[in-house]
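Next come two complexes, and both contain subunit A; in the first it sits with subunit B, in the second with subunit C.
Here is the complex of A and B:
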């Protein structure tokens, strides 16, 4: 099993799959990449058993076959090589691998390909096409809000709801919730499909593809993203997602409209003076403006800033984890945002104000109770 | 005919004697107390046959005249109080006026006494509760009393006496208490012609050395605390000197030895379980309290006392112990107890801070300060800056770290490339003056600038000041050697104090939950939750109790680690009950300890460099960084001297 390939192309292909390889695994065989040569097509596969990533690259091949190559050593080597051509030779009897470069050679030992775990068979129940850019933006706007609580596995993933007229993505960790609705991707073939996708698969998907459009296929247990070169197959989170619609308040009647960037920068500055553990900031909203305030009893630090805003309701004081506020504001792209409040203990909503670029974004934040 | 009649005095005294005189030790106690009340500066005690045959106590006190010497044998005869008011202000040891009468009721007593100004002294002999002889006699100033054949007239009592060894042990312990309590008084104790104790008048410290040895003195830390009209002073033992029994625990109230489980517990908890539940810290504590606020007249032996406000004294002793231990920076060192602990919390943090890449962004690592004293400094950094100047000049920390990195992280050639040639020998003097005499002078220039240190760090990022070992311990170099921190208990301590502060401030920071957590609770848990609800809210757990044994959690403390919210309250309740069974009764303390135990990072959790530094910084800004809230050490130090010794590098 021999082939020649440009170092640069090879490095890029390895880069598309490398993050699926576990750093350290109880199953040592997973620390290898499966290489399969079929004519002039080399396919590379990496898996951590939950996610399988396969990518293809055109090479000048001689002799079909498969071998397992130690992932870290191969990737480190290829990344360090001078640009040019690389010849890969594997003796499938001894599993010795030699990499020839213009100026020298590198020898390493692989493993028999049969030791690689069986990959899941995949039969698609649903299939649709998605524009990559919009899908990636959906991922960026949701993944950050996933929970790390293994006791509530449903919330560790992003819920995708495919409907005839829209696609929704929802993430929540119980302290905040994001709902993104895209109407433009409507009619791309989905039909009442609800899946919970683990964040790792989504992060891979938003990086590994280069085509403008990807396909998404799913069944009850797995989802597959593909762009013709690279395929990502991931096990779904098989849980019931909480009824998120019921917790999104419909009657928050105190609306504050404010410059997004100005508020974001203010919160960044003021929260430097909040307690490093709790990151709590206090917002006092009145018709004359918003006051963002932080204090840290441990160090005696305090800070506040006043930000102009439009607000016409009763004065309100409410506490938030500043990190949550920043995460939310960071992922909205309009110049102005609207905050909709009800009471200091009820959820608040943040939405883009003015121009919407196709996607409906709603960020919900649970406040921090400030006093008894 | 009336069946009820007044008991004759002799019988009444015998009955009273049963309470006052239980064993030879009681006689010694009563007589020595009388001697002390008489202002003696020298007291000699001689016993034979463990006091069963003879107890002889002589003093150089003020003595008595003939009349007083006789009246002393009557029941309720005392010079020490005259009115009810006096009873409320007892400063003397004896006062009930029972001692001599009671002793004379059950033994043969011979009393000799003379006042300074009298030419001749008085001898009074009593037997069976009655005076049988009064004559003049020649005697030194003071009083001596010989008690012979104790319980000769009460054979039943005599039978109940233990072996000589046991009875004498009680006497010796009693004398030891007197000796500690009155260091200014010279005591001797002889048993069957053997001098067992002979201590001269001196200071408390001298007395402790005389009774024990220098090792004991080294094991003790001076203790002083006062407040609310109470003064407590003395010594508490270093935690590593814990005993397996209470034998070295002494508490004196206005000079009187007392046994108080409550106050003993106060000191024990002051160690915050620095020792396990079976350990008893040695202590010698003198309490001075307005006599009106205590009642020592609970029992004739007076070792039990009642206080008007026990809780106050409890708190005071607990606080004093805690302060003492933290003032002496008590890290359990693996060796060399009492050896110079030159590393203060500040110097440790300073060294670590410089060791970390990006240290010069101060906002990334909040300056440690005591959360309990937000008003102590003018602002962040004040406290740290002071101690810095006093104890650990920053430049030293710089040098330490840079030299360290230079030595361990790169060759001197690499160092020269980065920093140029080493400077003139003058700089070496600076290093030596700064305690760096042993460092290779070529390894670093005397003055290192910020950028240079950073260059070192960036050149060798894997060599920073903290290492995590087995995802369990944090290892770090400190000036006196190395320090190992248990990450779980360290975080536990931090959370514990924060939880207590949060409950005290009643300013909950409760992150509200989007999906309230339902919790099914058993009836007992339901009741417990209802009882703890307001404190739990102060901590940040926002709970409502629904009908049908159901609790809803609407909010959690917002420093609970993500992923823990669901399980934590139930674990807290379980832990609470477990701790409660161990005898702790302070509700908030229990909640805080339970919360800290359950919410803290565990052994096995990997930590980043920054997380480790944060942890250490916060740890050393707690009031007691060395012990977790229920008992285990947090920090272990291994002195360089110990390492040197083990490597055979003795100098």
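Here is the complex of A and C:
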């Protein structure tokens, strides 16, 4: 199994899959890259058992075959090489690998390809094409709200719901919830498929691709993202997602509309004076404006700022975790946002105000109980 | 066929095979019994059957050849997770970091080597420096993994080796996994220290007690697997207290030297020369390793047992220290009426004393004096005075 390839392209291809290789695993075989040469196409595969990433690269190859190559050593070597051509020769009997460059050679030992774990068989139930930018923004708007608690596995992932006329993505950690509905990315085939995708796969997918459009395929067990060159297959979280719809209040009748950027910066500044544990900020909303206030009993710091807003209901005082407010405002791209409140102890909703850009975004925040 | 890789344990095998054959596999098994009697080996073999593509004999025997069997045996199967104690890395965050994240490269290599050795010989005791706890992050990983769709279809198996090494926090975290079993997921816990397990864990597992291996089982296995000669194999099997891994460990040590040391100590004790005895004890206790000392005393008890057996039966068939038969005979001729049973009890007391951290030379001096007293029926102390 021999091939020649440009160092630069080879390094790029290795870079696309390298993040799937676990650095420290009791399963030594996972620290290898599976290389498979078929004619002039070399495919590279890496996996940590949760996610499988495969990419292709055109090479000048001779002798088909497969071999496992130690990932770290190969990647470190190729990255450090001078630009030019690289010749890769592997003896599939002894598993000795030699890399020839213009100026020298590097020898390493691979493993028999049969030792690599079996890759999942994949049969798509739902399949759709979607613009990468939109998909990436959907990921950005949901992944941050996932729970880190392994004891509620469902909530550690993002729920995707495929419906005939829309796709929904939902994430929650019990203190906040995000729901993104996209009407333009309607799917085919999978009318009622619900899947929970682990965030690691989504983060990888939002970074690994370069094409403008990617395909997303899914079934009950796996999800696959592909752009024609690189394929990411991830196993799903096999749990029931909580009934999130029942959490979203329908009758929040006090609406405040405010400049997003202005509020975000205010919260950033004022929250510097909040308690570092609770990060609590107090918002007093009245028709003359919003007052954002924070104090820290421990250090004696306190701050407040007044921000103009549009509000026509009874005066209201409500507490929030400032980090959650910032996370939410950071991920909305309209100039104005709307807050919908009911009472100081019930969940509030944050939604973009004005141009929606094709995606319905709803962020729900649980308030913090104020002591006085 | 493949169950032969697990020595003895007929009762446990029968129970497990019955469960596999009837399809009524519990969600969690707890294998209990002393170290080195095959609990992990049994767990791995059970996992092989469940991962085997084409199990034989009504689904109770692994074929040993398919991808499922070979990768499980190598502890590299995607659906089989083998959990064991790991050292903690520098400034490791038990919540955020994955269990091996903060370990040094040398430690990782060592861990991988140990796993490979365990795969090659399921009776191997994984020993990693500073690894004294099953980390909560390992348990979290298990929990997380079970939440996912299985990597390959079919059974998913988690083996927690020496489960008593879970700290309270880890054990409590594991409870949740034990309580809410996922379908087609088998948890197998093994422990040589049942007393240290939380009662809440015990009550959620189906326990299978493992029996001590018989001397013959150990002897045969040593001959077959380690290529040991029958005589030394027979000797260590008597010393191994029913544990195969201890027998292997004993074999690798200088057992013969120890056996002669023991006789020499005994002989010196009977010479009634305090000076010679002092010198002998100094020589023997130069090693401060208590395990070594304990083993020496066990050998002495075994030698005395031979004396007793020879005296009662007059036959040589049941003698362990075969090559020392002359010494045994001459002892019995000269001290025909010594209470050997009480001498053995005295040795056992000495073992206890060593275990409870007594000063070793003192233990030996006292023991020598008591043995002497038994042999000559005169108080040793009076003579010294």
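One rule holds in what follows: the second predicted complex is superposed on the first by the 367 of 372 C-alpha atoms of A that agree within 3 Å, B and C clash if a C-alpha of one lies under 4 Å from a C-alpha of the other, contacts with A are read in each partner's own complex, and residues count from 1 in each chain.
Definition applied: a contact is a pair of C-beta atoms (placed from the backbone, for glycine too) under 8 Å apart; a residue touches a chain by one contact, two chains touch by 3 or more.
All of these numbers come straight from a predicted model, not from anything done at the bench.
The superposed arrangement places subunit B and subunit C in clashing positions on subunit A. Comparing subunit B with subunit C, the partner in contact with more residues of subunit A is B.
When both complexes are overlaid on chain A, the residue A:237 reaches subunit C alone and has no touch with subunit B. Contacts of A:70 after superposition: neither subunit B nor subunit C is touched.
Judged by the touch definition given at the top, the superposed model places A:151 against both subunit B and subunit C.
When the two structures are aligned on the shared chain, A:26 is found in touch with subunit C, with no touch to subunit B. In the superposition on chain A, A:278 contacts subunit B only, with no contact to subunit C.
By the document's definition of touching, of the two partners only subunit B reaches A:364; subunit C does not. Of the two partner chains placed around the shared chain by superposition, subunit C is the only one that A:49 touches, whereas subunit B remains out of contact. Applying the stated contact rule after C-alpha superposition, one finds that A:301 touches subunit B and leaves subunit C untouched. Touch criterion not met for A:352: it reaches neither subunit B nor subunit C. In the three-chain superposition model, subunit A touches both subunit B and subunit C at residues 150-151.
Contacts from subunit A toward subunit C in the complex involve residues 23-29, 49-50, 115, 117-118, 120, 150-151, 153-154, 156, 198, 220-222, 235-239.
Remark: subunit A residues 147-152, 172-177, 242, 247, 272, 276-280, 296-301, 319, 321, 345, 347, 364, 366-372 touch subunit B in the complex. Remark: subunit B residues 363, 366-367, 369, 371, 374, 377, 379-381, 498, 501, 505-515, 534, 537-538, 540, 542, 554-555, 558-559, 562-567, 614, 618, 621 touch subunit A in the complex. Within the complex, the subunit C residues that touch subunit A are 67, 71, 75-76, 78, 82, 98, 100-101, 103, 108, 111-112, 115-116, 140, 143-144, 146-152, 173, 176, 182.
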